[in-house]
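Take a look at this one; I'll ask things after.
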């Protein structure tokens, strides 16, 4: 693929780029079977994880990915730094750039921050989630997981259920799947699903509509109460209205559909306990594939080249 | 003493070609008028070619140039973050004259908090000395623009000649305070200039509900907040018997609400920011912070309805909504960056290039919305006098075009969407 | 441009298989081709050995992630999946490549293969050895030696439509 410095959004990638990263992720996953689960591709390179929002999972996944490529990983701990005291992102980046980092992995609650950082420094910037905007590495691991399960994504149907409005996962994952030829639909309450005119994605209203539509994959989004300033839905309703209940799980099993979730799962909210043990529940595959996808992303970015975003 | 003559100028409203003899600066203001518009700078007017011009006189050939009253701007923020008040005043004045704007209503801001007589006095003094354009301050509605306690309206109005009250664009958090303020100010003939809003609906929102908002993950700002606010303010003003000026109207439905109110005789006037006529949310592109505004840039249907409102008089004025922002602050991410753009420097060239030249707005409509109506509303006066100030005339050469660069901007910041773009028209102001 | 034809290559592969079959040790045998081309050659050799009654495991490795020139390229090469469905511990491995030149690919292959386990012995075989070695690495077996050739292009039926070596 063409030299690329940053990965901020799925939009900025060509179809060829998407396929290259997915193909290389397959090769990366093969490394996990070796007795030495490490390759020297990024030996001597430094990777910084800069998370302004807590996320143990995504951060660890990137750190493991970087370690398996032999890069050195530095964790910028924000709780003890001045970042939380209102220091501007630009000043933080100036500080970090004097540390000569090659890759910076950023998560921030504001949409658009990684793009600002990418413009401001030579390091490769990977967006690990910005506000409600984008989460491209999650999109790759989701696409990779579906491709691994079904062979080809084109023609598959995926319904994404839950808080679409605030979800960067919904945005990035629906985008990559549509680019790869899948049909995507959103399902959720009106307060959490923007109109089709804005999203370009069809909206389903009930579980019955989902079962009639016959998706291959049901993708549940995490209910993120901490992000929401005033309630968008009555909390006690959620599982009955939008979650995978035991009764729905039986119908899912009967139709052989797969279940995905970006994690961490709120048991009893998005998924009933039994759903986690369902054979076509791909949540653990997603975690493992996350490392492979992130290795592929790290490998394909080249620090110091021109930004495409 | 030699007079200056301008020959072959085109009177913008009628297209008539005229010759003029300017009053020397020392002379009294004339009482001439054309189409009922006073021509304070001009001693004599004749149809082109009919003026007798003495041989030694200074003659400016204005062939191909338009003669029109200069613009008045009802919505400016002159504070440049981090700069001295002196510089803020000087730069806003220069920028205004450059853009064809002779006078402006200055809205209160943290450094220019017009909630007391002393601040107003020192501002007026500084503006007289530093500014080449006329600056009329708007008094605060509430102390410190906090929306809680009323400012001393009697002092502001009767002692300091304040005619318009505004808390910048803040919507008062206490609507009862506003209602009582409107009742209290009934006999002072004050105008309440307010931006309609329901803050609970627009807090932490950054873009019009649209593909742009969804794709960029920016929380959407529902237009109904402004529309509910518009209804609320109109009813409030109606009930209290106050005069209301609606700031920064941005949605098609707001225009319809105002039209209905005017039809039933409510004393309400309204303004639209030039950027809301020209741009939609799609301009935000990949988080271009120059296009971050409050209220946000909306849909094309809104732009069309707003322009229609200007043409039929529902929306009385077009304003610059001039808001200087430091380059650093606009380099931040979209959510952290401040809202607003600078417009004074380029006001008339933008109006001409984007609206008049493509045939969307006539010169007559422009002059009504940018020159006459704003003066009528603000009614600027000489200090300690009762004589209203009148607009000077300007010459506008539509043949010349310029590229907007850092060097051509006098306003002190660069947050204009026209940087690097070619704009048609050059302003000569003042003529004498 | 002179060339070796498919007949030359088939004959060479037969000789090559004979040479492998004639090995003196009795460790389990594995042929590991270097992607690309090396994997095809290894596959054909495995079949040829089977005809001789010699059992050999077949594998293929992509050595891209071990290259020493990744940083010198602006563009990161696409990765191919390795295929090594057996434990290499205690095996006699033969690394199969199409052209041996600088020895850098072979070095990367050695590094790669040792991260899968601890083979008893490793040999390096190639279709064409064209000298110009930059590292202390030599082929244990080369089907052809073309030290004077300016350029060598190996074409194989599976990837390029025909068997030929152009030089």
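In order of appearance the chains are A, B and C, and numbering begins at 1 in each one.
We take it that contacts are C-beta pairs under 8 Å (C-beta built on N, C-alpha and C of every residue); 3 or more make two chains touch, one makes a residue touch a chain.
Since this is a predicted model, take the numbers as computed values, not measurements.
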{"item": "Most centrally placed chain - per-chain CA mean versus overall CA mean", "value": "A"}
{"item": "Chain pair with the most C-beta contacts", "value": "A-B"}
{"item": "Whole-Å gap between the CA centroids of chain A and chain B", "value": "46"}
{"item": "Chain centre separation (chain B, chain C; CA means) in Å", "value": "77"}
{"item": "Centre-to-centre distance between chain C and chain A (centres being mean Cα positions), rounded to whole Å", "value": "39"}
{"item": "Residue numbers of chain A (touch at least two other chains)", "value": "none"}
{"item": "In the complex with chain A, residue positions of chain C that touch it", "value": "62, 64-66, 70, 74-76, 78-82, 111, 115-117"}
{"item": "Partner chain B, residues of chain A touching it in the complex", "value": "11, 88-90, 108, 110-113, 115-116, 130-134, 168, 171, 194, 197-200, 229, 309"}
{"item": "In the complex with chain C, residue positions of chain A that touch it", "value": "1-3, 20, 23-24, 26-28, 30-31, 34-36, 38-41, 69, 296, 299-300, 302, 305"}
{"item": "List of chain B residues in touch with chain A within their complex", "value": "203-204, 209-211, 213-220, 286-287, 328, 331-336"}
